[in-house]
């Protein structure tokens, strides 16, 4: 990484400008104090050019151009199967790197990539943006401050407004690695305690075609944490009322809750009762402030040379939990985390 | 009043067992620790007998029997036009007395009755039960504790689920004396400051037949308090969504609010939004706990020989404000309280 | 059971007038239309006499007196270990019977008692009062009406304000049979689907002395229903913020939720944020309306000769689920319901 | 105005890039589909240059340069005393014009400016952004759809988190014209009915130094609408708990409410009760989505050649109400709107 001073902006190149990469590029360009968008790259050249023009930055012709440039950092937002190679390149180039999740669906590949990152000592942050949501973060703060005491029970519900296309699901790694992985991260984050055992139940209730991908669309998973805390996570690929994202930690002294925001705070009361708005529908609407704060966390860490707030260990643990959940579902029994670690 | 010890129950006779008197008799009989129902009386003899049998107490043949008995206290729950004479009788008999509001719609009559009560030194409580509602009371407590600082602005909404019959309205004294009088009391209660000026707007929007009674069904009244606090009270005779009763005090340090309870805490979320229950419909449902606490306040005060919590001054002031509101509406100008006092 | 007409009250004798029996006796005496308290009995004679005097009914000298009387029905509210014998007596006497849960902690004993009840054809209702809570009932109604579609995921949290004494715990049958049994009933009730598999996690986090009773105080249990619905139930013996009782059904068309009521609806906003009341503390406060409605259900059913709303099958199933949960916890694996049935 | 096609962006020049103008310029540049920032001007040249560089547009040397350019529209965001002259210039140049409120604090001046605008037939929109807030707008929609029936009572509370500096207040026109003017607009907007009478009460409770400006900091105003609806508006210059902005319309069929959003949806429950976040503190945070939607309304109207949604009549009426409120406060009596119109 090139030298940066406290005042110079951190110049970031974005690799991959599909839906999520384009959003990250826009945030870096306009909404993250201390950051500047340096260049974008996408294998689909017109996409790169469109975003580059809109945001008035150069479009690189290859990913290598980004790594060879004098940019300070790289954001890896391309398709998941390219992440490992790009991380290896980032490690070699000595660039600070932000990587969308997952690093890989394969634990050995992930270990190879993160091993290189750790060996090179480059700053690394994985895109578990929900940690930066102000309401979810307030749950963590209530644990850290002692307000809820020792965590005993955690409830997490994550339900999408509508299922993705079958083609996406086929390449996704399945519900545990594609969707619930955010919740595995959340369970570790809010409790501050590692997971030691997983028991998973799942069903196909919404989208029968997912059977073709060997996947489920509805799941309930129990986690046992190292400190004895018990977590229940439920997921559904379709909540008719919109995006449902709730986190709750119950402890010896109280409970901290992150409830769903409403699309707006208007309501109408008539003889039929009170009618309020459904939840906001789309994850980018729901979590936009979290993405901005995620970037602030990355930029601050890189500039001030401390470890980014969600780093290699946090990129690895949820994958292991997800793999354990998959095995638990297949074998109909609780699975210890070390059974997966040993693989 | 006959001697009572701390342990003997306060024995109370109830005069008038229509809807509200029957409720009071039932509460005294079963739900007020330290109180006992001693007898009931009603000019409609079968009504008295029915309640007496149900609650297993004697039915008095005349009101005088109640005053001549060894009962400790009397609850006056008969029709409003009998209150003054019954209060004079209570003063003479030396009975502690609880009186439903209003004492009288006529200020001179009220002064005659309360003057006798004060002269006799008998404990007196007027039935402004809403002060005892736990949520409304919490607003007052937040003022007393200093949590909201100096009161600057008060908002009170009181809206009934449905208008009373025209015949009732004709004898009621009109919206300000029949309905908003509770809110005048509430404004004095939560702020702890007397009212010095009143400006009233009103309209007939719901029940055109009330024109026959010269009454309105919708009103918005501004009060100026002695300490400079400003209060807005609105009333409607019909809220389609149920009984609406809200109080809010805004002050230099914050705001205390008493919101409507919901009929129950269930809700349903679908693609059409969230549907919650309407408000509870009926004032006895909404305010039942306040009636129980009201009696506890009376019983405690009488037993421990301190002034009941809502006494003669509180019975008079809201009537004066209501009379000022009526004049303000008729004359289309703000009316000073002393203009009414002077009458 | 003696003949009753639509107009004559159902005359009920209460056996056992400890805390819960005394409440039932009071409700029957004063708050259940169509019911009348006929007599009370308690092995501790002064207790029976006290309640009898207060409620002005005879105190029976033995339980047999109740069964031999002309009362229409019996409420069994004595200690759990007496329930089986009293149910057998009720069956023999042909009395309609309301029985507090549990019938027995032993499945064979329960089957013996309920077999006799079913054989005698006497109306029977088990005391799962929470079904009658208006908010919980609204969740069930949203399933029945189709508003939430097919149930996919259920979340139930039940947390007591404070743990019972160790001596109570020792005789209670443990957390699954004493406390979570209500939630097993709730899961069956709201989904309308039987449970086929149970996986239980539990821990001792609050009250180390419960180890002496071999019990836990914190638990998270997963249920798989016959129709594929998945339920997560969590229990804690101590919620610092009061009694926490929430139920949620998520389905193909939406979600129905029963949230906690607040002790009252007042709140205070200052620079430090909004402060609202904690939950009501005590189960009798929280669930009082459910007990009244429970009795209405029983009285209606007996008078109109239909099966009471929570009958023998509902008394048995939660015990089986609780026994399966216990085995699951001991053996660290999911347990099929038929494994317990076969015992 | 130069010709625009449906696809070409509306090119807008911003005059005045202080706090609010800078925000508008940024929104036009990045967040309003169909709009493009064409140039900026500010009499303080370094301010203009800074914003121009950040947003990569030219900085004009004079306001006249903007009017002489081929830009499609002008946003007037400079200090209030410049609005009239700039509007006259826009009328002459034939530019579509967006103007921050107020047009003028003087009714004759306002009439002169808006007369020119109307005569020239240029599209005009006044910056009453709160109409575009999704929750406030939902209240209006509930009136338009008939869900609340005929409006009977309106409550509006607007309370700022902290008072402005005395120097600002001196030039502001006073609380009614500077702050409550938004609420006068809101009352007209949600009811769809003009105001015919005003009664104002006010006090100096927070910032004694405002006496120097002859201003108040706390006010309660009653409006009577043409259709008989009654509105209560309260304002305070300092709400300790943050920015408080609520609107409520009560009508013959129900009530529509716009409640305050919370800063986030996290909360903590302990034995001390529930603690939730205070309101968001700053008006730009609270109303950001309304500014974006405000621009969308303007751009759509100009492109599609219909009258912008908040036009000259809406710019005038609230000033008249505010002047009437001022007279009411000074004279201690209700003031008819035509008394001011006649001036």
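A, B, C and D label the chains in the order they appear, each numbered from 1.
The criterion applied here is as follows: contacts are C-beta pairs under 8 Å (C-beta built on N, C-alpha and C of every residue); 3 or more make two chains touch, one makes a residue touch a chain.
As the structure is a prediction and not an experimental result, all values here were calculated from the model.
**Student:** Could you compare the number of C-beta pairs in contact for A-B with that for A-D and name the larger?
**Tutor:** Between A-D and A-B, contacts are more numerous in A-D.
**Student:** Taking each chain's centre as the mean of its Cα atoms, which chain lies farthest from chain B?
**Tutor:** The most distant chain relative to chain B turns out to be A.
**Student:** Averaged over CA atoms, how far is the centre of chain A from the centre of chain C? Could you give it in whole Å?
**Tutor:** 42
**Student:** Which whole number of Å gives the spacing of the CA centres of chain A and chain B?
**Tutor:** 57
**Student:** Could you put a whole-Å number on the gap between the CA centroids of chain A and chain D?
**Tutor:** One centre to the other, that is 39 Å.
**Student:** Scan chain C for residues touching two or more other chains and write them down.
**Tutor:** 240-241, 253-255, 269-271, 277
**Student:** Once bound in the complex, which stretches of chain C touch chain D?
**Tutor:** By the definition above, chain C touches chain D via 240-241, 262, 269-279.
**Student:** For a test of understanding, state which residues of chain A touch chain D in their complex under the given definition.
**Tutor:** 30, 56, 133-139, 142, 147-148, 253-261, 263-271, 277
**Student:** Spell out the residues on chain C that touch chain A in their complex, using ranges where they run on.
**Tutor:** 149-150, 152-153, 155, 157, 159, 199, 201, 203, 205-206, 218-220, 222, 224, 228, 230-232, 234, 236, 238-241, 244, 250, 252-255, 332-334
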